[in-house]
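Read through the structures below before going on.
Note that subunit A is present in both complexes that follow, paired respectively with subunit B and with subunit C.
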Partner chain A sequence: MNKNYDVIIIGGGVIGTSTGYYLSKSGMKVLLLEKDYLTAGSTGRCITGVRQQFSTPATIRTAMSAVKLFENMKDELGVDVEWTNSGYMFMAHDEAKVEAFKKNIEIQRKFGLDVSFITASEAKALVPHLDTDQLLGVAWCPSDGQASPFKVVLGYARGIRDNGGSIITRQEVTDIIVEDGHVKGVTTAAGVTYHSSRVINCAGPWAREVGLMAGIDLQVEPERHEALITDGVQYENMPMLVDYRADGGYFVQRVTGQFIGCFTPEVQVPGKDKSSTLEFMKEMSRRMCKIVPALENVAILRQWAGSYCMTPDGSPIVDETPVKGLYCSVGMSGHGFMLGPALGKFLAEYIVDGTWPFDMSEFAYGRKFGDKEAMA
Partner chain B sequence: MIEQDMRDTIICRCQDISLGEIMEAIDGGITDPEELKRFLHVGMGSCQGRTCGKLVTRILANVTGKSVYEIKQTSQRPPLVSVPMKEILGDNNE
Partner chain C sequence: MRIDEHPILKFERGKQIQFVCDGKPIEAFEGETIAAALHAAGIKTLSHSVKEGRPRGFFCAIGKCSSCMMQVNGVPNVKTCMVLAEQDMEVTSQTGWGKLGQVDARQDYNRKKIPVIETEIAIVGAGPAGLSAALYASRFGAKCMVFEENTQVGGQLIKQTHMFFGSKDHHAKVRGIDIGQKLIDGLNENVQVLTGTPVVGYYPDKELAVIKDRRLTIIKAEKVIVATGASENMLSFPNNDLPGVYGAGAVQTLMNVSGILPGKNMLMIGAGNIGVIVAYQLLQAGVKVEAVLEALPTIGAYQVHASKLRRCGIPILTRHTIKRAFGDGKVEGATIVELDDNWQEIPGTERDVQVDTICLSVGLKPTTEIFEMAGCTMAVIPELGGEIPVRGHNMMTSVDGVYVAGDASSIEEASSAMLEGRMAGLDAVEKLKGVSEEISKEKQHVKDSLDELRAGPFGEKIRQGEAKLEEACK
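Coming up: the complex of A and B.
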């Protein structure tokens, strides 16, 4: 069996499969290795939201490119990924938020994003069930949306196979082979060695361990988050509601009529613990009912947990590392699903042509980790 | 082993997924129970797989020639049955 490939990808989430898809589309012989099953890491645990409301140029432009890709994904991949422009509302309950959102909107508009700050009553007209107590207004982008992470990965994975690439699941990479500063391949837990002069670390919460296999210490840490989904009720085209108050949360109504959501714990919880807590279910219910009181009649169907892969500044690291041929697309900091299609395309183009579509220094491996993403 | 006239048989009642759709997915290379669950949503509806879970296991065993005991069961998640938020909140909902 020939075990030589043009590129080996470690990780079967949206980042690994989208990057693999675009590389295989350009004619490269791709091997994707996943230690568990496809979508087992962060992608299959996310809450499906896709937004463009960010505060830094490269992230805004990447997210806007991603939305274009989501819009055409059904044609591109032949899979209905359930893309819907249901929008995102960032809720402002104090003047500081109002100012911050308005400042971000100015930046976002420079790049042509259709985003505006609307009043609480305008928001209420769009979302009749919204509780507007103390709400000063919302940052509203109607072209933000949602899609199924499972269907997106399924589409990309099929594409890789259709383009002649290979995907092997339940096959953990245990070592990256480096000789004279150049990557040469990987070895798996099954003791098999696969050869390639290009390896891409798309390992999500496991990115740091994978980087260390090649002596690359990535500044990324897994952070635990819990989430839940409800039974389906009538679909009312409700956007993603984002409440960043200390006891806020964010949730969206899926096209299936189900509500899916989570909140960021006040104190960061490091690690990859996937167990669920009753405490989260109670607290999330309380927070959701505070924002949309009518939800008290909706039943919780399922809860789970997953991990973000955080960088110190909340922006991803998408670049070649100091080991020649070893690339990373990691540290998505909770935005992997929404940025993934575009980052996969961009990194594939960089590997093939050596160029980025625009200034991507915000995502550079060697950057100084300074200011935090303001709309993290 | 699976007759053509059985392909319209509903396996997952919550999500309306037929035997034919499951067979098509398996033929397309999706033989991992966890991927079958996520890519088809079989077992992700109201009953959380309590009805279709055993059927899917049996189908996978049939197709792969393994015993049902060798087919990995998908993760079970709380709550076991759907619970309205007002029941969860009880009297604590201010």
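Coming up: the complex of A and C.
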């Protein structure tokens, strides 16, 4: 068997499969290796939201490109990924939030995003179930949305195979072969060596371990986040409701009827622990009912946990590393699913013809880490 | 149709009440479930499916299948087989999901306290295993709380009108319905049994999430005994979702608990003990049983049960299965077919039978979600019903202080479920209160009794399963 490939991708989440899809589409012979099953890491554990309301130029533009890709995904991949423009509402309950949101909106509008700050009663008209107590207004972007992470990955994976690429699951990469500063291939736990002059680290929460295999110490750390999903009710076209107060949370009604959501824990929990806590279930249901009281009558179906792969500034690292031919698309900081399609396309284009669509220095490997992203 | 006369059972119905379903008044009796009352009124289609909008009636009648979900008093997705009918209730059928209702007044969710209740032993399920565990643990002084998701205690015993076999210790010659009552009557003041109270989650350090009076309650226990029973297997054939296709247990619930006939004429699939016994019970209740089909070349049921059916002229067709159900919105008949030695359909042997009810008795699957949440080591042992928690002779799982008993541990009979429950209860109380000669003697007795029950040719499969389980323990 010929084990030479044009490119080897490590990781079978949205990042790995989208990158692999666009590379295979350009004619490259792609091998994707996943240590578990496709979507087993962070992608299959996310809460399905896709937003463009970011606060820095590169994130805003990447997210806007991603939404365009989501919109056309059914035609592109032949899979209905349940893309729906259900929108995102960022809720402001104090003046400081109002100011911060308005400032962001100004930046976002510069890039052509249709986003505005609307009053609480305007929000209530859009979401009749919303509790507007103490709500001063919301940042509202109707073109934000949601999609099924499982179907997106399925679509990209099928595309890779249709384009002649290979995907091997339950095949863990244990070593990256580097000679004279150039990447040469990978070795797996099964003892198999695959050869390529290009390897892409798309390992999500395991990105640091994978980087170290080539001597590259990426500044990323996994962090535990919990989530839950309710029983379904008839779809009411509710946007993702984001409440950033200390006792807030964010959730959306899936087009399939269920409400899915999470909150950022006050004290961060480092590591890849995937166990669920009673505390989260109690607290999340309380927080959801505060925002949409009618949820009181809806049962919780299941809860789970997953890992964010965090960078110090909350923006991803998408670049070639100092090892020639070793690329990384990591540190999604909780935004992998929403940015994934665009980052896959951008990195593929960069690998094929050496150019980025716009200034991507915000995501550069060698950047200095400064401020945290405002809407992280 | 309600059963007025029955050779064994007497139905004491509660006060007559009335509720509204899709705008129509429905007569019901206090103490019966919404789904049962609707059946009595001839309404078998309770919902329409989410994706295809196909009509659905209930399959299981004990809260496991979810096809009886309706909107009740504004609350979406209520399993109507588990909720009692009440005067003036408003019931609406759902197409797909229910609607997100309105709540009257905004509440201060920050101040809402989630109740926490402490107990020594929490027992999940009030069937034969759970009640036996409570009976013996409480006898030796342990405080027990038993959580039952259905409206009645007794589990599947409350519908068993046949007499049990075995020795006196196995309640021989006593009908299942009476055994259940005996267990309930034997409970002392150390035991609290809560019905309509499902356990929905297990968390570390033996904390259980329980839905009590439609609100979350946390139970903190020192020992947990899980006796969640089993769910009925489905068989795949076209139109197996038509209203009128039931699990055998659901038919028993309707007939023997609610006193309501599932239909006029029926086809039974599966000639194991349950299939044959339920077919006989249907006959007793006045239903015409067209035939009992069995895919195997031999009848699995005890001969004494099968002979009773045959004496009544009911054909038991071995090497036969159902090919499809048919009917417009409900079961109107079935196509049956003969099988060859390789389980393949023999072309040309198809024939149609006109029935309004199809009953499936094709095995059970242990209900194991709680063990998975608790992180118990699981093993797949087909002889014991599939995936089950690994456990020792004392019924403790790999998680210290978490026990299993009954069908959740291995698909057997009520007799063994009671003994397993008893063993779990005894071991739990021994670990809580200290070793005593009396408890040790009891445990040895239960072990011997279980061995006795599993002796002989009918216990062979279970013995093989138990041997595999011993292997898994190492």
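Quick note on the criterion: the second predicted complex is superposed on the first by the 376 of 376 C-alpha atoms of A that agree within 3 Å, B and C clash if a C-alpha of one lies under 4 Å from a C-alpha of the other, contacts with A are read in each partner's own complex, and residues count from 1 in each chain.
Here is the rule we use: contacts are C-beta pairs under 8 Å (C-beta built on N, C-alpha and C of every residue); 3 or more make two chains touch, one makes a residue touch a chain.
Quick caveat: nothing in here was measured; it's all calculated off a predicted structure.
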Is A:R286 touching anything from subunit B or subunit C once the two structures are fitted on A? First, second, both or neither.
both
Now for A:A294: first (subunit B), second (subunit C), both, or neither, which partner does it touch?
second
Thinking of the overlay built on chain A, is A:D231 touched by subunit B (first), by subunit C (second), by both, or by neither?
both
After the superposition on A, what does A:A40 contact: first (subunit B), second (subunit C), both or neither?
first
Would you check which partner chain A:D247 touches, where first means subunit B only, second means subunit C only, and both and neither mean what they say?
second
By the touch definition at the top of the document, which applies to A:T264: first (subunit B), second (subunit C), both, or neither?
neither
Per the contact definition in the header, classify A:L154: touching subunit B only (first), subunit C only (second), both, or neither.
first
Which partner does A:D133 reach: the first (subunit B), the second (subunit C), both, or neither?
second
Which parts of subunit A are touched by subunit B and by subunit C alike?
231, 276, 278, 281-282, 285-286, 289, 295-300
Of all residues in subunit A, those that touch subunit B in their complex:
36-40, 44, 150-151, 154, 158, 161, 169-170, 230-231, 276, 278, 281-282, 285-286, 288-289, 295-304
Name, in rising order, each residue of subunit C that touches subunit A in their complex.
50, 74-77, 96-103, 106-107, 109-110, 112, 114, 200-201, 203-204, 207, 209, 216, 218
Can you tell me which positions in subunit A touch subunit C when the two form their complex?
129, 131, 133, 231-234, 236, 247, 257, 275-278, 281-282, 285-287, 289-290, 293-300
Quick check: in the complex, which residue numbers of subunit B touch subunit A?
28-29, 32, 34-35, 38-39, 41, 44, 46, 48, 75, 77-79, 82-86, 88-89, 92-93
